[in-house]
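Just so it is clear, A, B, C, D and E label the chains in written order, and each chain counts residues from 1 on its own.
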């Protein structure tokens, strides 16, 4: 129980996927321009991550014990198909959202954050419950970082940022400062 | 005073408290300004279309005689302030630097300057429909600063039933005291005017809103209206922009006029007290709007005064009458310091909206250098319309006008409270004006 | 996809069977390649893993001469070399003539930054911890990483009584045999290590049989394979 | 006959302005900080003064170097760079090597202010960006607290201060834990009165609570800071820690200790209130304050650091754009139905 | 196409990848799995090397198989190919250089996720001759390697006072721990981007001036 809490907090804040593991940078730098979009992409990612965790657990327990070498391939195939599915659903439900996310849904397919989730939770040897919690934390953490970033970027668009700084360089520095701030969560709930 | 104002639960939130600076003139009885030799009368002293001159050069005109008639519905007539001769009709340069059609009249030094007008008419028995065209020709405009031809407000849209008639005696701008004097010295005229409008508009209640810094006016009006069920005096906290119609309506009636609607749409007509008095005069004596009460004050003025000035009198003459300009004067303002406009030359004439003539020296006009906005939030807490001036200014500087529209910039009434309170000296309302004008231009182009 | 792509692979609509065939083929090929490489590399990799493990075990259990993996299966320890998913195991350390001397117990828990995995040596006879090695940690360089870089700190675990339980105290105030001098500036990681060992004990101590009824070490077979 | 007119200005209205200026606000904060600064120097000796100086130098030099030549004078004059440097210095341990202090000032202004476009455009508190940078770069030096120096050794500067650039510090006085460190790791409290007058170890500027409050009162009277933010912070810290205290008085500090220990007052009064990096709407200010307070207690009590004020403020800085966006008041007359 | 025409192209392609539109400093692609392990020059090189191999190998395969890959399933096929090479690399590293493999840990499999690699297949390899594809891949991969190496070096030198693990400034150098912590990764990359765009601008300015002066001389 206690370790579930820690797993969640750790994935959400202490070892935030974006700010501590550098995972999912493409969407992080690419989509965080607008708050609206970031939020939606975040939700999409959470969803994909939860499903990924489920698949990963299934594969690990029933298939990979016999054929460990197929890990990567099987992960990719499963995740890819999941995302395809989601893409279809979203296209159906809200064309607007589909437009907003543009090329990024396909990008999630090969997004390292997703794959990373599967691989990490495997390495950590998480069971189903732990894996799901981990995925939830990671997804929420990703969304949190993305949304904060979007807010900061929209605001800094009004500022006379030095010309050479503009664009990715600026965003990386913002991310750096954000990641410095997130260091404050280190050791959370581990210091008994 | 403080205790009293704290009694008022209602009233509008935000707003600012500039120094009042009225004490130099608020006690002074009004004087009549003597006639001078030349008068310059722009044909556009109101909001709407310019008036059309009806006289030629050389023609003799009598004081009060019509010299230009309304050019459209949203427009009004113009009358000769003196007996004399039309000397020129042509373009003149005016405050704000734009050239405008104006009629120039040379006073006849030997004339008796008696009013030459058709006999006063009786308002009783008039219907609102006959009343509107009469006011249309009276030359009376909203003296509260909007300068909207008075009749426009009275030509109600179909199905609008007038509930309240409000006389706006807030006079929230610093220095100005002319509305104050009107209420003290010409209370009877004001009340008669109120009665006229009240009856013709069929209002249920008439309310005179006065800021608490005019206790004498409140007292006078209180005792004059005592026992009249249709009338009441509403004291208001001293706060800028208490005089703004929507703010005043909020303070008096607790009603928040929805954005995009006019007071009239809610069955409320608001007029400035001087406007109302002017209407009374028109019906009593037949005198159209040709004399304007002007507060002459400010550190650059040796002998401040509340003057009754014939329209068209050059500011130079007004100043001379008040002892000339101190040579440390830097700026001469027409109207109030918050919403008025400085004039570039002393030859500019007094017009219908010149509620004041103020002379400022270095200490008022000096501006510290502009800092970047530090988001201190003072402007936010000042804006009576609950806008975010800081953000509006940022957007304006980034030329993101459409975004400003989304930030409701069009609700801004340009009261200037934000600029007044900004420690970084950012010309917020000025930036907003440019943005708004740009947006208006786009709108009219798209139309 | 884009026009020039159409032209790029100039093929008119292929049948779905062909699609499946292609994918299947690709999958097959990659499977083949992977398996062969896997088979080729497996021995080296496992050998390395084993070597690392051996070194760790011999590190934390100083004077043993042999080791073997003891899995905890239905209530008792049984010697069992190859590991299975989620089965718990410790490592028995034996002296030259196969008598069990102590156990090397793996344990893990949250540290300052991320999970810390460690292995510690435990002598049931003296109820003592006699060695500790960090297998994996992401503690801050210069602070947290002292838990394995700072010899003084590691030395704490060379001869450490576990009764009633291990406690960490401010540096230089160690008095009792069950106390550990924390690293100044890295109190949290220090405490974490101690807590992790305590938890390991909590989980394992009552499962560990005494020296004599512990699974014995079949001397002859093993000796060849596992000489140091 | 015509007297020559004075040449007249034509400015756009409004033509009256209230007197307060931003430069004045910055100067006010400097004045308000003066007592606490002097106290810090008195407690920790000449070394502290040098650290402060190095910080300010780093900050101001950086600002000066990267400012466009024509704006230099003005940028120097608005005093915000100076203030950043001073606040950073006040939040550093007195024994810190000078070169680190200098680096911190430079990093604070560079990363925290200039790249954003200078004064008023930064979204993170520059001083704290500088401090966070130092803390993450030199954790050991930044968590080594040299004890107070008595009046007699006022003039002897500690060896650690004088470490060569890029070289490690050698500490002559053995470091002693801060009240918070003691509380967190040894569960022992420090007498309240010591916290009040500042007879404790800690950052240069954070020790003397009374003087900090004094300065805060001055700023409140000058209307330079938004009272809601300190109110929110102190209120929530007091509330939250009272709760914990009631749960387990042994392990958790009481409200008074929480409020007067560590950098809380310095942060709540002078840093969280940085207008540039805190919400502009009144409601937002409340949210910001309470958020900081909760994060502080969270990090202090359950986190890995004895002190969490810096991280709490930085985190809320990051949230400020969102807070501002969602606490915009309803525009007058909008969203009313007309019957 | 004839090799005579291909010759300059090839060179162009190579340089393009290495410098003009360097995948990291210009296109900022596929950083994520990489940034995490650039805290030392050694790790950076190892990761770069792995990526290098995977990119070149898959580009070669894809470009040579392009006729036989139906476009409907091309992405899936590419991914399978890439994944295969990654797995191979993973095992090989584990067998050959176990210590480094331990350091890089879970991040080698993540090479699969690297947008850049897939991007190259889709955008170039699947449309060009084998040798162009390979040259392009070589260019891109070298550019990538170079970028990672730059990052890793800066972070290691400041963060540990060492380069490839050997001490630079003597024992009492104070390392900037932040450089090897995550924020250091972001900040360093950001500042490197700044630095390179600055250089590029300088070069353009110079080129302009040169052109102008030449124009005057005529």
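In this section, a contact is a pair of C-beta atoms (placed from the backbone, for glycine too) under 8 Å apart; a residue touches a chain by one contact, two chains touch by 3 or more.
Only a predicted model underlies this, so the values are computations on that prediction, with no experimental measurement involved.
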| item | value |
| --- | --- |
| Shortest path length from subunit A to subunit E (each step joins two touching chains) | 1 |
| Shortest walk length in steps over touching chains, subunit B through to subunit E | 2 |
| Intersection of the contact lists for subunit A and subunit B | D |
| Innermost chain, where centres are averages of C-alpha coordinates | D |
| Relative to subunit B, chain with the most remote C-alpha centre | C |
| Chain pair with the higher count of C-beta pairs in contact (D-E, B-D) | B-D |
| Subunit C-subunit D separation of Cα centroids, rounded to whole Å | 45 |
| Distance from subunit D to subunit A - Cα centre to Cα centre, in angstrom | 33 |
| CA centroid of subunit A to CA centroid of subunit C, Å | 29 |
| Gap in Å, rounded to a whole number, between the CA centres of subunit E and subunit C | 34 |
| Residues of subunit B touching at least two other chains | none |
| Touching two or more other chains - residue numbers and ranges from subunit A | 69, 73, 158, 165, 170, 173, 176-177, 180, 183, 186-187, 189-191 |
| Residues within subunit E bordering two or more other chains | 76, 80, 83-84, 87, 91, 177-178, 181, 183-184, 187 |
| Each pair of chains that touches, named by its two labels | A-B, A-C, A-D, A-E, B-D, C-D, C-E, D-E |
| Sites on subunit E touched by subunit A in the complex | 28-36, 76, 79-80, 83-84, 86-87, 90-91, 105-106, 109-110, 112-115, 118, 178, 181-187, 189-191, 193-194, 197-198, 201 |
| Subunit A residues within the subunit C interface of the complex | 3, 6, 10, 14-15, 60-61, 65, 69-70, 73, 124-125, 127, 186-187, 189-192 |
| Touch list for subunit A against partner subunit E, complex | 19-26, 29, 69, 71-73, 76, 80, 107, 110-116, 119-120, 123, 164-165, 168-173, 175-177, 179-180, 183 |
| Subunit D partner contacts - residues on subunit B that touch it in the complex | 16, 18-19, 97, 174, 246, 256-261, 265-266, 316, 324-325, 327, 329-333, 337-346, 360, 364-365, 367-369, 371-377, 380-381, 384-388, 390-391, 408, 411, 416, 419-425, 427, 429-430, 433 |
| Subunit A-facing residues of subunit D, complex | 111-112, 114-118, 121, 123-124, 129, 132-133, 136, 184, 295, 298-299, 302-305, 308, 310-312, 314-315, 317-322, 325 |
